[in-house]
Structures are given as structure tokens and as C-alpha cells.
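Here the structure is laid out as C-alpha cells; the discussion comes afterwards.
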Amino acid sequence: MVKKQFTHVDGVGRLRMVDVSTKRPTRRTAEASCVVRTTADPTALTPNEQGVEPIHAARLAGVMAAKQTADLIPLCHPLSLDDVDVVITPSARGLEVTSSVVTVHHTGVEMEALTACTVAALSLVNALIKDDPFARVDDLALLRKTGGRSGDWGRLVPPPLA
Amino acid sequence: MVKKQFTHVDGVGRLRMVDVSTKRPTRRTAEASCVVRTTADPTALTPNEQGVEPIHAARLAGVMAAKQTADLIPLCHPLSLDDVDVVITPSARGLEVTSSVVTVHHTGVEMEALTACTVAALSLVNALIKDDPFARVDDLALLRKTGGRSGDWGRLVPPPLA
Amino acid sequence: MVKKQFTHVDGVGRLRMVDVSTKRPTRRTAEASCVVRTTADPTALTPNEQGVEPIHAARLAGVMAAKQTADLIPLCHPLSLDDVDVVITPSARGLEVTSSVVTVHHTGVEMEALTACTVAALSLVNALIKDDPFARVDDLALLRKTGGRSGDWGRLVPPPLA
Amino acid sequence: MVKKQFTHVDGVGRLRMVDVSTKRPTRRTAEASCVVRTTADPTALTPNEQGVEPIHAARLAGVMAAKQTADLIPLCHPLSLDDVDVVITPSARGLEVTSSVVTVHHTGVEMEALTACTVAALSLVNALIKDDPFARVDDLALLRKTGGRSGDWGRLVPPPLA
Amino acid sequence: MVKKQFTHVDGVGRLRMVDVSTKRPTRRTAEASCVVRTTADPTALTPNEQGVEPIHAARLAGVMAAKQTADLIPLCHPLSLDDVDVVITPSARGLEVTSSVVTVHHTGVEMEALTACTVAALSLVNALIKDDPFARVDDLALLRKTGGRSGDWGRLVPPPLA
Amino acid sequence: MVKKQFTHVDGVGRLRMVDVSTKRPTRRTAEASCVVRTTADPTALTPNEQGVEPIHAARLAGVMAAKQTADLIPLCHPLSLDDVDVVITPSARGLEVTSSVVTVHHTGVEMEALTACTVAALSLVNALIKDDPFARVDDLALLRKTGGRSGDWGRLVPPPLA
């Protein structure tokens, strides 16, 4: 017997979108986060006058990417989004990226939040990579979600990984 | 005086694409990698019969995303790509994702490799997240690049982070 | 007097999208099909180990294309899709491609089903054309639809063509 | 041993884009054709005053779709196109659609020609389907190609299918 | 204190999409207009037999662009559109372009109407610019809107500009 | 006889892309400009702390739109761009938008410059329209171009319109 590893796979191993047409539209939110790290002193990333526009560009790239999630992730449903936001703040680790997405729909927006977060981070990496090819993204994961049949969920701390 | 943090920022703090029209087209390659981790036993991710199509979907999503890099990352140049590949292999950490991109052009393909890698990883996360909302992506970074004025470069091991 | 040949054309010959804002959203489905034929022995197309990934790629290309229907067909409405599926099976004629699309909306998804079917077929042709430039697609048409004001409809057999 | 069915599949069954970075750019052309058929009297499709704009819309949809081929077909290379044209003419069978695409590049444009042809045909089907749900597309195939290592090729008549 | 110049900017100067998830979907319409002017005798623009297809192309380009508004304007919400139309008519000033967009949604379609209008105008400029590089677009603005909390609004005459 | 009004129209009135495959790639540049006007005191548009991010967003929207020109304007060739820039400066008339685009290719980038300029302006209108529905765009036109067979050209002052 085949052990189930992935969702979106039916009984005979075929990958499938989930039919959401019988689910009720409700308000759903999702937040995701990641961190952009550099080998340089991370405090050097605190945006000064010159850092303002790269930060803005990364935020906008993330917002615009959320709207293209269904074009990027094969099994995501195309849907209307009611709000997308990306926040970028310096920390001791580097630049922390957080995204939040809201919809009123019959499917969740976890992947939209993750996509916004990721593309914002890639846009920051694009601004760092010439000087620091070691620039990297870590801890890209869902932070919180509300709404939908599976209910609310939040990540408090990174769980121990296997 | 304004300290330079980011490339793409000119002397007065304005974000700018780099004008590559005077550079000579040469063959350039870039590779990137990341890992998709789960709180489940990572050996459970070794693709069995049911895991084949999600892995294929993630590979294709990565390949297709590389072609959309310039639509996602604001300051990337649109360019022809001559080869894109994504490899996904199970490891003790989870699913290792590696991408490689080739072009003959007057600009590099580092961001294309990173974008392919990232979207392949997000497509895997999409297949895992319903059962494991803690699923996450780590170590997303450039692995190697060849060609161009700045020459060849390779990451051997993760450098110590500040 | 001008004889009406095409829908989407108003009384003075102007092409127009149909205003669907006063129609009620209902669950609608559509299925389409086509066949990819080759000059080679069609049984050679029965997917063996090597044929698995091209078939998967074609299925995914079809699913992703359905989501882009409104970008491709000028007068199609952009809309949310609740489910898209593409099935590819070998037959005596070649590779049979069938697509199905579901929405809850005030317009039908016939064109989405046809687009999914077509792009899946083109993706298969892409995998065959180097060895068989005669590879071709036939019988691309709607198979069935349900919902909407015009009601349910199904094609049982190909009707005689004029 | 695994028998090779599809191009783009490497020795271990992995689907791959073809690396074209070492090929020389040359002028390449491709033409494709298909026919849109209806259960109505095909002479009714001869464009009169009302049919002009749907025909124009279909031609443009085809031209624009050629430019999106690499976004639709997973393993196609993104490339510059130097010319795209679509011609639609009534015949005894229905509406004949022919496309032609030209590039100076190191990869061919067969798929671009097929995509242009297909989307033009789908746009015509979109204009017919409300009155004739049996409207269908047949004989979608490459017509001719020039340039590239594999040389010139032309389809004179439909070959007998297996 | 920071004086508010732009909407979409929050109290600390951060650009934000407006969260529309708590607004009620209602039928909303918007119309926009602009004029394409040429240094040539504007009566020369009255479409004769040769001018028909460029006008059709511009209309379709406008309709298709409306569907891509959220991909172009960073803070626009992606949404379903129920009707899009573009009308192009010659006048003493040049070619008048008018667009109208309809949705049933919890956000307005002003930007969709403006985008349709603009891209239709650019498509006309594309057809004129080789012979008249002075070809230009003026008076691109909202014409009318209905629905939504802010109610109906119409521009009767161009207001005096500061 | 049909008098020629538009380029891109062949002898029998058919709209056509121009085949550029036999033209030599050369460095080409184009600049375009327009002005965003408001009924408010235009000096109020001088970006203060709150105005910084809307200006950045408009610049980036313009840069990203230039890369999508061939997707928006039906007869434009898809091509690589080597540089895109958008500058926004307050004036007595409102916000002046200027764009510049560079390529090494066998076709010009006039439409890319116009598209960048337009979408940047629309993004500014998006930020103004809630408070000033009369906000409008004027004087959208080519400013200068260099390279290509037709040579260099510059607009010094707005010519008298017919």
C-alpha cells in the first residue's frame, strides 16, 4: 500500500487541485515570515537614507508577488485578495520579513503569504548579492493563519526539526 | 555622508537597474540551493509512488518561475534563458532543492537560479503544509556562478553568520 | 441587414464582452477533450518509466493554463476557479487529453476547460515534435457543461460536420 | 531498459529543458495550421461586416499568445520574437488558421507557431460556442519550419495516422 | 507633523493596500477617457478601410489590459471583472478613447477603467508613432463612477487646474 | 485606393508586426514623459516624508511595466531590456514623470519608454484619486530616441496640435 506523504495526491497517486466549490466563503488571513541574512555586520542593514528605496522595492515586490501566487504554484487556486502587506525590519539576525494576506474566499491564503514573503526576501537578496554572494534566506515558514474549516493556528517558536 | 548598503542605489539614494548595454554577452551560469524541512520524520519524504508527481510539479514550477524572474524582482533584467533545471533529492534534513540556470547574455542569472529554487521549494511546502504547518525553507542561497566580469564564485560551506 | 455569425458582436458589429454583473453566481462545470496523435505506433505512447514526467508536465501545464485563460482569450472574464484537472490516457488513437474545470461564478468555464486541454496537448506535442514533426492535435472540443442559465449539455458522439 | 518515447527526457527519466547555450543564433521560422469547424453551414462563417472584429480579435489573440509560449509550455525557452503573424480564412471545412513566427535565436519557434495558431482558434471557438457547443478544432500541427541544425521541413499533406 | 498627500499611506508613512475584506460586494462601474492627438490633420484619423484593424487592436488591447490592472498597479486588488468595454471615436481633437468597467465586488474599478483607456491609447500611439513621433495622449482621467461607499461621481467638464 | 493612416497595416488592410529579423542589433534608447496633475495646489505634491513611498512605488511600477510592454501592446516585439529608469519630480504643473529605456536589439524601445511612463503615472493617480477624482495625466509622449535606422530624434517643445 502506498503511504500518503503529500496532500493534493489522490488514491492512485495523481496530483490534484482540491475542489473548493462546495466550501463556504469566509474571512481568512495568513501571515508568513523569513529572515534575510548577510555575512556582513547585520547592523549595517539598518536602513539609512540609502536603504529606504531597496526596502520599499522589496515590500512592493512582495505585495505584487502575492497577487501572482496562482501563476507560480501549480495547484493554488486563483482568487481575489482583499489585503496584502509586507513589513521589513532589521534585527540582530539580519532583515526580518513578515507578510500578511487577507481574503474572503473558500480557500486559504497560506501560499499567498509565503509567496509575498519569499519574493520580498529575494528582492533584498538581489540588492545584497553583488557585495555578499553568501547572502541567504532562512526560516521561511507560516507564522499564523485564521479562518477556514481547519481553524486558527499559530507558530510560537520554531519547533525542533527532525 | 550616506554609507552604501545596497547595490542598485545611486549616489543620491535612487534605486536603479544596472545599465548592461555596454557589457559583452558571455555564457553565464548560476546555481542555487535550499532545503525544505518538516517536523515529520524526514525519511518520510523519500518519494515513493505517491510522491512522484508532487516532486515533478515542484521541479516544473521552479523551471517555469525562473522564466518569470524579471516579472517578480523589480530590478532584474528580462532576458533569454538557455537552460533551466531543478533537482530535488531527499536528505537527512528534508528535501534538498538545487537549481541551475544558463544564459548567453550581458547580465548574470543568479536571481533566476534563486527564483527557480524558491518556487520549487514553495511548491513542495504547498504539498506539505496541510499536514505540517511548521514546514519550512532554510538555507536559500547562491551555490555557484560562472562567467561575467566578476568571475567565477562558489560557496563551499555555509559561512559563519554574524 | 447584417446576419449574426458570432456571439460577442453587438448590433453595430462591435465586439463586446458579455456583462455578467446581473447574473447570479452558481456552481458551473465544464469538460473538454482532444487527442494528440503521432505517425508512430500509438502504443509506443503508453507511458513507461520515461514517459511519466512528460505526462505530469503536460497535466500541470494544462492546469496552470486554465488559470490564464482570461489573459489569452480577449473576451473571457477573469474569475476564480475552484477546481481544475487534466487527465491524459493512451488510446488506440494516441494520447487522449480530458480537462475539467469548476467554478462558483456568474459566468461559465467552457473556455477554461478548452484552454487547459489545449495547452496540455501542446506540451505533449512539444515532447514529441522533435522525432515526429507530424504530431498533431485533433477533436479539440467541449465535452460537457453543467450549470448556468443555458443549462446542462453533453456531447455524446462527434456530430457530422458540414 | 527504458525505451525513449519523448524528447526532453534524460537517461534516468528526468524531464529537462535542452541547453541551447552552445548553439549558434540563426534565422529560424515556423508555420503551423489548424481548422475551426462548426456544425452550421461553414459558408456562414465567411466574414461579413459583423464577422470582421471577431476575426481581428482571434488574429491578435494568436499574435499575443505566441509571445507567452514560454509561460505556457514548461520546457520552452523564453526568447525574442522578430515577427508573428496569424491568417484566418474561410474554407469548405470552416475557418482555416495559419500562423508564422520568425526569430534569430539558437532555438526554434515551432511551439510559438503552434501556440499562436491554437489560441487564435480558441478565440474563434469562444465566439461560436454559445450557438454551437459542437464547434471544434482539428488538424493542429506544424506546417513548415526553416533554419536550425535539423534543417528545413514541410508537411505537404496529412500523413496517414497509425 | 506629516501632512497627508497620498491615500494608501498609513500614519507612519508606510504604503498599504486598503483592507476591503469587511466591505460589502456591490455593483460598481467606472468610466475613463483620454484623447490620442497627432500633428497630422486629425480628420486623417477617421478610420477608413485600412484603419479598421488598428482600431480593433487598440480596443482589444485595452480590454485585455483592464484584466491585468492588479499586475501593473502595485496597490490594486486582484478581482473578477464582469464587463470591460473600450470605444474609440474620431473627433476634432484626434481619437477619443473611452473605457467602461463593471464589477460586483467590495472594491471599485476606477484603476481598471484608467488602465484599459491608457493601454488602448498606447496601442494607437504605437500605430502612429513611426510617422508622427509627436503623437501624444492627453486628458487621461476618470469620467464617471457608480457604486461603493463613496457614492456616484461624474466629471462634467475639465476643472481648472492649479 | 486606401489611404495609409497607420503603420503596421499592409497593402490589403491587415495589421502586422514588422519583421525585424533582418535588421542589425544596435544600441537604442528612448525617453518618454508625461505629467500627473491634480486640482489641489500642486506644491502639495512635493514629496515630504509621507510621499516618499508612493513615489518609489510609482517608479518601480513603471520599471516593471516596461518589462511587460510586449504583453500589453499587441504588435510590440518581446525583447531583452538593458536598462529602465523612471524619474518623478514635482513641478508647477504637478508631478513630472520621465522614463528612459535602453536595449541592444534590432527594434526600438519607444513603446517600452511610453509604457513605463504611463504606468508610473497611473500608480500616482491611484494614490491621488480617492481625494481628487479629477487627477489626470497629460502630455504623454516620446521625448527623445537614439539608434536604429530612422536615427536620432528629440522633441524640444510641444508642437502646435491641429
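Per-chain residue numbering starts at 1, and chain names A, B, C, D, E and F are given in the order in which the chains are listed.
The rule is simple: a residue touches a chain if its C-beta (ideal position, glycine included) is under 8 Å from a C-beta of that chain, and two chains touch if they have at least 3 such contacts.
This is a predicted model, so every value here is computed, not measured.
Chains that touch both chain E and chain F: A, D. Relative orientation of chain B and chain D, expressed as the C-alpha superposition rotation angle, is 120° to the nearest 5. Using the average of C-alpha coordinates as each chain's centre, F ends up farthest from chain C. If you compare C-D with A-F, the chain pair joined by more contacting C-beta pairs is C-D. Chain centre most remote from that of chain D: A (centre = mean of CA atoms).
For the pair chain A and chain D, the distance between mean C-alpha positions equals 37 Å.
Spacing of chain B relative to chain F, judged by their CA centroids, is 32 angstrom. Those residues of chain F in touch with two or more other chains are numbered 15, 52-53, 56-57, 60-61, 64, 68, 71, 74-75, 79-80. By the contact rule set out at the top, the touching chain pairs are A-B, A-C, A-E, A-F, B-C, B-D, B-F, C-D, C-E, D-E, D-F, E-F. For chain D in complex with chain B, the touching residues are 15-22, 70-71, 74-75, 77-80, 105-107. Chain contact summary for the complex, chain C toward chain B: residues 52-53, 56-57, 60-61, 64. Chain B meets chain A in the complex at residues 2-9, 13-15, 34, 37-42, 44-45, 47-54, 56-57, 60-61, 64-65, 68, 71-76, 93-94, 110-111, 114-115, 118-119, 121-123, 125-131, 133-142, 145, 150, 153, 155, 158-162. Those residues of chain A lying in contact with chain E across their complex are 27, 56, 59-60, 63-64, 67-68, 79-85, 102-104.
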